[in-house]
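Worksheet: the structure to be examined is printed underneath.
Labels for the chains are A, B, C, D, E and F, by order of writing; each one numbers its residues from 1.
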Amino acid sequence: MCLALPAKIVALEGEDMAVVALEGVKKSVSIALIEDAQVGDYVLVHVGYALHKVSEEEAERTLTIMAEAGVLTEEVRESLGEAS
Amino acid sequence: MTGKTNKACIEMAHGGGGRTMDRLITDIFRKHLDNEYLSQANDGALLPKASGRLVMATDGHVISPLFFPGGNIGSLAIHGTVNDVAMMGATPLYISASFILEEGFPLEDLEEIVRSMGDAARQANVSVVTGDTKVVEKGKGDGVFISTTGVGVIEDGLAIGGDKAVPGQAILINGTVGDHGVAILSKRENLEFETEIVSDSAALNGLVSDMLAAAPSISVLRDPTRGGLAATLNEIAGQSGVGMLIEEEKIPLKPAVSGACELLGLDPLNIANEGKLVCICNAEDADKLLSVMHAHPLGKEASMIGAVTQDPNKMVRMTTMFGGTRMIDWLAGEQLPRIC
Amino acid sequence: MKYITEFRQKDVSANLARAIAQEVQPDRTYRVMEFCGGHTHAIFRYGVQDLMPANFEFIHGPGCPVCVLPIRRLDDAIELAENHDVILCSYGDMMRVPGTKQNSLLKAKARGADVRMVYSTLDALKIAADNPTKQVVFFAIGFETTTPPTAVAVKKAKEAGLSNFSVFSNHVLTPAAVGAILDTPGTPDEPPVELDGFLGPSHVSTIIGTRPYEAAAQRYKKPVVITGFEPLDVMMAALMIVRQINEGRHDVENQYTRVVTADGNKKAQALVAEVFELRDSFEWRGLGQIPNSALKLRDSFADYDAEKRFDIAPKQSREVKSCECPAILRGTKGPLDCKLFGKTCTPETPYGSCMVSSEGACAAYYSYGRFRADQSEGKVA
Amino acid sequence: MTGKTNKACIEMAHGGGGRTMDRLITDIFRKHLDNEYLSQANDGALLPKASGRLVMATDGHVISPLFFPGGNIGSLAIHGTVNDVAMMGATPLYISASFILEEGFPLEDLEEIVRSMGDAARQANVSVVTGDTKVVEKGKGDGVFISTTGVGVIEDGLAIGGDKAVPGQAILINGTVGDHGVAILSKRENLEFETEIVSDSAALNGLVSDMLAAAPSISVLRDPTRGGLAATLNEIAGQSGVGMLIEEEKIPLKPAVSGACELLGLDPLNIANEGKLVCICNAEDADKLLSVMHAHPLGKEASMIGAVTQDPNKMVRMTTMFGGTRMIDWLAGEQLPRIC
Amino acid sequence: MKYITEFRQKDVSANLARAIAQEVQPDRTYRVMEFCGGHTHAIFRYGVQDLMPANFEFIHGPGCPVCVLPIRRLDDAIELAENHDVILCSYGDMMRVPGTKQNSLLKAKARGADVRMVYSTLDALKIAADNPTKQVVFFAIGFETTTPPTAVAVKKAKEAGLSNFSVFSNHVLTPAAVGAILDTPGTPDEPPVELDGFLGPSHVSTIIGTRPYEAAAQRYKKPVVITGFEPLDVMMAALMIVRQINEGRHDVENQYTRVVTADGNKKAQALVAEVFELRDSFEWRGLGQIPNSALKLRDSFADYDAEKRFDIAPKQSREVKSCECPAILRGTKGPLDCKLFGKTCTPETPYGSCMVSSEGACAAYYSYGRFRADQSEGKVA
Amino acid sequence: MCLALPAKIVALEGEDMAVVALEGVKKSVSIALIEDAQVGDYVLVHVGYALHKVSEEEAERTLTIMAEAGVLTEEVRESLGEAS
């Protein structure tokens, strides 16, 4: 459930708040739920709170797997077997 | 001493029909909207004979916030009504304006709004020829409401209407969708976000006149305002008894509008525009029209977004960028930012 | 849009579609429940079903917090707004959901109740701070995703000494629901749902991690793939689950590795544990009472618990009789099985919660997929 | 169970541009206002060519209470705008109506209002050809506001305007003053009193057309609405640069209106009318006009109340029934019931 | 209208005019102060001065409760409305009166203060009953006529246990003012007012009777004729006072016998005495502090006294410097002596209270008699 | 001071209230300030309260005096000398 979007932290504010940006749209959100938020981090934003950081490497890996899905089905299977 | 006493604001007497109101009319309305008709100061405006069939359109403007990136309720009230007249294929000439002011509204804000109306009217080549002002008690209004009515004339030979779309025709739009709605939402209390998006609010009569000169056989013109492109296409489909198939890829959309919609859980196709028009024309006219539109400042990003189809269910469908197909439905109820 | 548009690419979807088509066994069906309404929404909005083989069926699950809220709790919220002189703050999604006799928060507001739509619990706190003479109640709904923000707000209210803020908690827990669906016995009218696997929650799992699903996967021997909400995520997960089914496995796999880990967000979990505790049992629309499936405020936060602060009158709540929402939430029926669908029940005059939330199966089907009705035989997608 | 759930009322969705709004338009607006133009369902109405110079007038209606003895805001909105067009000497033809509805307003009350509009329009021989509906949140409106705009045509040769009064001319009125205002005040919260006075709200275009047929040289026509007779006479005096001398004895006044005004400390000359007109004409036409007026149902009590005078100070004076003379001034600020 | 129209008859006015013209002595002037604004209003509204001989001059007195309220008390009322979260109930007359810096209750209302116009103290009580969570303050102004209704309201509030109702009392006493006017010493700029007699209050006297004026009449040797507010009443009283002057008498005579008696309304007097007591001193605009000239609530009704209930901040109140209201209220100047009259100061943009109340000399002169300006030499009427 | 009008009591209501009429205009007013109010009495009404009854005989007498003022100045003087 629950609408949540990845957005980039562009500034840290006081009191556990940060400004995130998505295509030039900036919004102030709470970072009270995550540890060690840094400018430049991508976070998943839900109801005005950052829920979790987004991992660049994992995203890349997932995209690679998808791109190769039709081709390299064996490799996909193996790499996913470890993930859960 | 209770402070705050010196900021002039609307009082009940400004709507009382006496000298206070007279002064308001002189100092603000006449000052910024002046023209030969308005200055007659009678119960209505006496206007010249009109050369063609008449067109009359009205809209109430109740926008919040009153001032937004790219305009304010005053310019919007002119644009909205000019556009509704222009969408009939007519040349807008005269505008009436009825103001409903809430007690306590700052006079300087009112003046700014009326000044914008004056500018917008001059740019659109229309005159605000008659008006009315009412004041309601604090708490019985929302600052300013403006109802504008436009009158225009339409040349013989044009036949434009929402019921005239036929399968095979092309569907054009003059630019990006959702800018106005996102600009407004960005300033809503409890929802504030920062964006560089400004409202597209603009008078389209100049563009329409170029388009009609190029292709007098245009079937439908409509401005996708409340309810956005989705509502407008569904309305036309319903009136004409046709279906439509549009392509998501072809719909001009600013990345920031897209971003704001993702963030709020809204669909850009449901979001209001105030400087956009949908044009349905014969397929063979589409290219000619697109080049006329591209040559106009308000049509630089014009695009052919799809075609009219035969469909007894009068549905509007869209091929998604993802490769699937979905319906484009009307807006369900009010647009509420959602969490899930 | 980084991490968004990449997961909506047409050429990649074609790629995945090809892989799925290759791998499904033509002689069997794949009945997969997407637990979350977010998946349902993505499937319809992007036309994912157009790209799937005919023998792969998405079964819509109960993972829409708006949909599973029992009508009595909504009636309670409406009563709070209307009869207790409070400012009731609600997420926009709940505003139009029909309660008993199609009452709703929006209707209560139209009649004069002070109901405010908020985007965040922080907005509700601000309203409380700005209206010190009014009681402000936050109508808290949602799964594990949405619970931590409520916990933060309660803690902040306590720290700030905001004595006019309270929470009407309806937070529920997803793993409990997975079990409940598979445990639901059939009736002569409604045979039990037959499922071959689950697409597991995406954003819920960012908080709780993947581990909590393992018990159910093992117990019921159903594969689970934790899946993102973008259309490519759904397709990739479909491929992964097809493979598990083909191989007879029932593992918990994670497609959504860019945000979900095995352990989830421990800081958020700790905050939730500090503020909330398990309810013995809670009613879910469609699924009935489920033990240990919901949260209430701990006694140490009793002052912020609207259920304790207000004397909410007991109700004779009633669903619309012919609304099939409950069966739809159990996965045993689809929107087209409902006589009211698209006739009296539409998103503008909804008779059930599934027609309101954009994650509800009926709403998704109505808004994005209605044109498929004539091609279908009474089943979803 | 929270009760009160079953009374249908305006919700935000009724203004959202979707199906809910469409149904409202069909079930209430089209049902009661129907005509060939309104049913075009386009952005505006396409109307025939007009035969003469145009006249355009607008008014916002924000009356409270919405329902009053003798009418409601719906009939009033038609009458007010028909009259403003008629006061220009024109034949009113088309009306546009912009509704601003407050969330929570009962649909049955809205239907009653729109039904009255339809009746009033048919009686006045005008068509509501286009409209608009907006919904504002509870607490940001006051039930219903209606802004109407009228368009009419005026025959060649007529020259009517507030600046055309000249000394020596006669001042006529078609009946008793203050009825509308007193009917409204009698229903105001905290002020309730019982009276049999009903509003004079009526469309005056029929009467005007009879009068113009009898005396096309009429100089001024004006309906003494907000601010009452006093404001209207002062307005005309100001525009024409003349004075006026009227006789208190000649001003038609119902005893009950007089009684209510005494009780509230108000002057009947400052009180609004909605079915009255002031006519300024050459002295030699006065008798002819009076007999035409007396023959019309809305002019039975018509009276010549005074004459235009030369006065560089543009003052309106009145010889009182008591035998003295006083000024008739505009209304100062809002009309507040007074105790001293 | 019985008892109204009979006292406005033209032929009778001609009759009285003839009698007055006959009886005035051509070699002297008759300078008569009509104490009440009600008289002033009648004189202007009906054009009474047109019917009087040239050597009879009406001097406008201070008898307008709106006009004599000192600006500080109005500033206090505005503060109550704006800064104490109350519903302030006021008679309509006070709404537009300018306080310091031309603030007013109407402007406070436009800025959001909850100011309600009431027609009666009973309306204010009803507002208090209907808004139990709000403090409701009745802004009580007026002479002896208007005090008894305030007393009734206070008693009713106490009986009903309405704990959210209070009165901001500004009730003043007329006989004290008569003496104050005659006691006011002159200055080089402003010689003391020269008067030959008084038209005494009509409605005030229905409550207090005629006796309270006798001390002043005797002490200052000025005739007093208690006079109704209809134009014939004023003319008849003028005739009566001309006769007293001619005869060198200084009696209290009663022209308004149809409602005024020697003793007044004892029931009303008793109610007032039960609820109110004398203030040692009270400021009147134009007349300064006058001992024993106003009423406050008794200690037994202290709970209903807004001055005790609210902590009203001390003010630096300021009149508009060039406004001549104070001198006009003393009878030493007329509206035309004010530089602002009819220029910057009009009923719609009033600079002083005399331009607001329809009983104020400036307002009456502006609304009904402005056209006489060119015929006058800087004096009223 | 103070706007007050003579009106006729046309009905007595509970709790010290009465309905008064002036030219068909009816209004509910308090009679808490006067004694022994009866239907048919004329009372002087101010801010929603009856302040005093109006005496028919005195009104007549005043009107007679006014009517005769120019004519019978002597008689007027005498009759008024007694009144205060």
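Here, contacts are C-beta pairs under 8 Å (C-beta built on N, C-alpha and C of every residue); 3 or more make two chains touch, one makes a residue touch a chain.
Per UniProt, the chains are A, F = HypC/HybG/HupF family hydrogenase formation chaperone; B, D = Hydrogenase expression/formation protein HypE; C, E = Hydrogenase maturation factor.
Because the structure is predicted, anything quoted here is derived from the model rather than measured.
Under the contact definition stated at the top, the chains bordering both subunit B and subunit D are C, E. Note on connectivity: the fewest chain-to-chain touch steps from subunit E to subunit F number 1. Chain centres were defined as the mean of their Cα atoms; on that basis the chain farthest from subunit E turns out to be A.
For subunit C, the chain whose average C-alpha position is most distant is F. Chain centres here are Cα averages; for subunit A and subunit C they lie 21 Å apart. Mean C-alpha position of subunit A lies 75 Å from that of subunit E. Per-chain CA centroids place subunit B at a distance of 56 Å from subunit E. Inter-chain centre distance (subunit D to subunit E, centres taken as mean C-alpha positions): 37 Å. For subunit B, residues that reach two or more other chains under the stated contact definition are 11-13, 18-20, 255, 258-259, 262, 265, 332-334, 338-340. Multi-chain contact residues of subunit F (touching two or more other chains) are listed as 1-3, 5, 22-23, 46-47. Looking at subunit C, residues 1, 4, 37-38, 64-65, 91, 106, 119, 123, 142, 146, 346, 348, 359 sit in touch with two or more other chains. By the touch rule above, subunit D contacts subunit C in their complex via residues 1-2, 4-6, 9-13, 18-20, 103-104, 138. On the side of subunit E, the complex with subunit D involves touching residues 1, 4, 8-10, 13-14, 37-38, 44-51, 64-66, 91-93, 95-96, 106, 116-119, 123, 142, 146, 231, 346-348, 357-359, 363, 366-371. Per the touch definition, subunit D reaches subunit E in the complex via residues 190-191, 255, 258-259, 262, 265, 313, 315, 317, 320-327, 329, 332-334, 336-340. For subunit F in complex with subunit E, the residues that touch the partner chain are 1-6, 8, 22-23, 30, 32-35, 42, 44, 46-49, 51-56, 58-59, 61-63, 65-71, 73, 76-77, 80-81, 83-84. Remark: subunit B residues 11-13, 15-20, 40-50, 52-62, 64, 83-85, 87-88, 90, 94, 96-100, 129-134, 136-137, 139-142, 145, 147, 149-151, 154, 161-163, 222-223, 225-227, 231, 239, 330-335 touch subunit D in the complex.
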